[in-house]
């Protein structure tokens, strides 16, 4: 029942926010719902409920292994959002806040969905709920980004629906009773029709891969992340992608049960590596630091996919990476937002010397860049090392070499841009700008907290979290 | 950094290693407002990251093979041998072995001088430490000794050839570090070679020499960088062709730099000679052994000799261009001596150079125990003449740390840690007989004799009446500072032999016609490996990147097409695997 | 009962054939009103299908049918027409894929769909139905429109036709899939298209054009 | 006490005999040219005169300019102490002393070079560059020579390395060492000690500005170096170690004399090489020593 509250609380908060008359106090719904949601999520995390096998929704081990970090990320972004919306008080925030809360509710639902159709419904709904968030700024660029997000994302969503239907038909053809929960599908196992399972897998991988932002379906991602407010970017990069990733994991488990796990792993490997490679090449040349974060996200989605292809150890590593990537990317987005706001631009050509203008945000940003490029002792280092180890254990030598080569290229690109905007002398225009951006606690503490969490995750990965990942792996690979 | 030396867990090692590398970046870019500094710092960071990734794979594979991150002697498992190459690449980048040295010159040249000293003295030694430590713990492939020695000899020769050709004195010192790392690698290669030939005693000798050279290089290179720093501080330029005659204004710096130069060239009676001598002994023994290893040891010894002679030329040039003759520019003429706070450390380092040179037996016990711990042996006693006299250093190692930790302590000593050394309890190593004490006496006698003869001659000259006059210059009437040999002309003869790798860039305008315009001759030595290999590769990579980035052109239709293409590609992949 | 099913089967295939014909019409026309009309007609046809397939007209089936007909047949076309009228453009001027090539592509896709369907393992009751090839052909048509057209309105139409194809495929599962799920899916799609319409409207107001080729500010 | 006596004797021997060699060379050259030439003891007279003279020092130079010649001299004398003298043995012998000897020579060179650069004169710069550059090649040849001796005897102590049984590579080694001797001591064909064309000089150009006692130290040091190389050459190729003490001493003395005369003959009969041909000759020396090394390795007893 508590697991349903995870969905209901944000939904009710969204409804209330929509009805709330005062736009100055409305932002407080965000941290309010965030706190309740976070408490609930971590309570459930510590005392996981038993989930009935046939239930459509439930806080199962996989949800337990992902949801808490999404909740945490939302809470921090919500706190940042209060300050952000105060700064941006010129924009109406009713729809924005409502949609953001709806996104949280739908994310919780999507992560807990144990039914093929339900999963699709929630994932699609998250996509739609995110639309008002993207064009919050109301600029032509924002509309353009929204348009692309909607159509590319929509195509992906359509393909994943087709894939879901194919999987359903595979079950039907194999004599299934129409119970399209993942448990039932896995139980049907070899009884599923293999051709339909394979067709479904390809469609679902491309469909949910579009949501995740795997290359070459990532094209709307830099636009969306680049134009949306930063905490939306953080939620998209840390939350929505996680839902899509868990969806792929759940489907992969069904495909594995149907005896096509090997093929599935090969496709995962191919698209994961391709994503890492493409992202690395984009990172080498990109000059916009918010778009850079999007490409970095593509890279990390590739790493997740790679991990998912590497068997049990790989999946555990990938779940670890979901956590570390969400937290670190969140810190990066929020600090990049500060820099963006202070500099008034987001390309390397126009931004320089931010260590002078916004020393604290710049420090967080650079530290975050180090963290996200897998420099110890932050979380991503340990999770990527685990992915690496999984790859080595399974004897994928060439893939390891490619993976590391791309990581190196990505590091070149990221560090080049980061130091490019942080070092040097600030542009005179940025210095003389009318309204100066002040680094208040409201915009500094949230990214700092996320960075600290990433550090904590790296240094003292709690046993309970590790166990949650292991439990999720057991759920996905029952034997 | 000390953490790197003391951890015994692969994961912790990696963490400490990378944190240390990142700290290095921030140290280099302390003066971050200059573009050159930032570029150098980034180059350092990028190459260092590449090295770390190699190490990640190394430790990852180690963990996969052994099932855990714990490190320790694992010499039994022969399947671990190929891992050595990964370690060599990873640590080699940090150490700056020749083809991997690309970051080193610019980083050393652009960092503040005390940071350069620290990096050259300590940071690059971490790479050496890694290679020594893991070649001691793991089985090594049969070819390791050959390769390491060949790399070392190449580094030594080409490093010093590049150093000779430099005009920037900090770059010169940086390239000289490449040379010294090469010398150390020759020693380590000798040790590896000896191991693969049934643990010959000369291997230990070479290893002891290499470890001692780690220490020595730390001392004299730091001294030289401090000297370079005070010159830079005093004159504001790193170009030797703009200096000259500084001894008059900065006698202390000049004297101490000269001392450092003698040490770095490896001349008696200072410390550089002792370690080179040990390495030579190892190599000569290897050659005299007439085994197959002689085929490598022989060229290595000759190349070491060549490198030594080139080093002499290099430092004769550096010292002469900076401190001797007449000032070539005004800023050089108006230089000022460094303060006491800069002089103090230099004096201390000079003291270390002198002390290690004159009383080399001080460190002998630590060296033998380190060499022994590197490869414990079952038989053979320590036959060392100098061992008996080293009673100054007899505190104990914590025994729980085991023999493996001893090399760490040896390097720990290089950075001035007051560890005291004692031969570890586990197994006395078989070390070829080394008359280190005798050498010490010879060096001491030499130093005494030199002091005496110098004083005597000075007094005699004073008694005979010393007059001052202009430089004779073969009777040339109006000698000018610009007529002196410059850095480029000094190096020209010898560096011409290396022009195949130095690839100097020349700009020349000859005197021509009856009313000639100003003639120009400029020569600049590029960072050959970086400029001719890495940067073209990087440019190619950027081209690929630009081509790929063009795919993100903003046209939505194509974006949807990409989705369809991905669908088709994955479908055909699945089809391919399912169609027999 | 048997006969009823047989007749329905015939009728269903007839309707699917009609939908395929509308596909080709949508591909070949350069006039946007025509495109919208064929799309809305397809929506109405699709809305009728569940009623034919389910002999016992459940109220939920009726609801689904009504929602489909209302949304795809009336509401969305109306919205698109409004946006189109505002910019006073009623034809696709420079499609990325020309009309004849896209028609040929669509025809080829349809033929391929019919040719490939026998390769797929289908339940006996679906084996001689046109549902699967029809769905595939419609999906392909939708994709061609999405990729080939540069007018926002045309792209939205393409997206809706793509959805129609998937809806056709979904009819295979109409008995297996719980209706609640089906309704959720439908709701999602409708809301999605609704939002698309809003954004098209916004784009028209912001850029004073619906030509998506101007929407290329965001690029590398 | 005996040790001290031995040491003093030995020092005297080196100090006193060394200046004889340049005299002999000059005498040979004069004899070949049909002149009477300066007396054999001319260098002794020169040294004595220089010792008493005053010193002129460049205003650019530091006191080191005066002191460094003494250090060079000490380095060379120390090197001489390590060199065994036939039956007398070396003043000090230990494992690895051959390398110490090589590096003492390098130390001497470094001090000379440093002193030369003190003056800031272009000519001294010229000499210095040539000195340090050619030394690179000579060093390689010398190391190869020492290696070959070491392989032959299986030792790195000069006392056992020198005076070997007549080996197969002796001729090669002798030729190589002789060329090195000419190069290291700046004799024709590498350098002309008698020329007054500064552009064509190496060693002489480096010491142009020296005068008085420092110059004496330099000249005496140079003669000691010549003797050192002569002794090395003789002992490296002749089986002195196999002979009776007296006979050994006689052979050694005769050998040194022979080498000296040979140097004189070379100087009389050859012209100085163009500088660009110098590396070629030094490379030849290196190869000779290298072949000697290979012969000693593969040809000698295992």
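Each chain carries a letter (A, B, C and D) given by its place in the written order, and its residues are counted from 1.
In this section, contacts are C-beta pairs under 8 Å (C-beta built on N, C-alpha and C of every residue); 3 or more make two chains touch, one makes a residue touch a chain.
Only a predicted model underlies this, so the values are computations on that prediction, with no experimental measurement involved.
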| item | value |
| --- | --- |
| Co-neighbours of chain C and chain A - touch as defined | B |
| Remotest chain, chain D as reference, centres from CA atoms | C |
| A-B against B-D, pair bridged by the larger set of C-beta contacts | B-D |
| Approximate Å spacing (C-alpha centroids) for the pair chain A, chain D | 77 |
| Whole-Å gap between the CA centroids of chain A and chain B | 45 |
| Euclidean distance of C-alpha centroids - chain B vs chain D, Å | 33 |
| Where chain C and chain D are represented by their mean Cα positions, the distance between them in whole Å | 100 |
| Two or more partner chains touched - positions in chain C | 143, 146, 155, 212, 215, 217-218, 220 |
| Where chain D touches two or more other chains, by residue | none |
| Multi-partner residues of chain A (each touching 2 or more other chains) | 147-148, 151, 155, 222, 282, 285-286 |
| Residue ranges of chain A touching chain C (in the complex, touch as defined) | 115, 117-118, 120-121, 124-125, 127-128, 131, 135, 140-141, 143-148, 150-151, 154-155, 157-158, 161-162, 165-166, 168-169, 171-173, 176, 178, 180, 193, 195-196, 222-223, 226-227, 282, 285-286, 291 |
| Residues of chain C defined as touching chain B within the complex | 96, 143, 146-150, 155, 212-213, 215-220 |
| Chain B contact footprint on chain A (complex, rising order) | 147-148, 151-152, 155-156, 159, 198-199, 201-203, 205-206, 209-210, 216-217, 219-220, 222, 262-263, 266-267, 270-271, 278, 281-282, 284-286, 370, 373, 375-377, 381-382, 385, 388-389, 392-393, 400, 404, 407-409, 411-412, 415-416, 419, 423-425 |
| Chain B residues touching chain D - in the complex, by the definition given at the top | 244-245, 247-248, 251, 254, 258, 262, 265-268, 273, 276-277, 280-281, 284-285, 287-288, 290, 294, 298, 301-302, 304-306, 308-310, 312-313, 316-317, 319-320, 324-326, 433-435, 438-439, 442, 445-446, 449-450, 453-454, 456-458, 460-461, 464-474, 479, 481, 483-485, 489-490, 492-494, 497 |
| Chain B to chain A touching residues, read off their complex | 11, 14-15, 18-19, 22, 29, 32-33, 35, 38, 42, 45-46, 49-50, 53, 56-57, 60-61, 63-64, 541-542, 544-546, 548-549, 551-552, 556, 559-560, 562-563, 565-567, 570-571, 573-574, 577-578 |
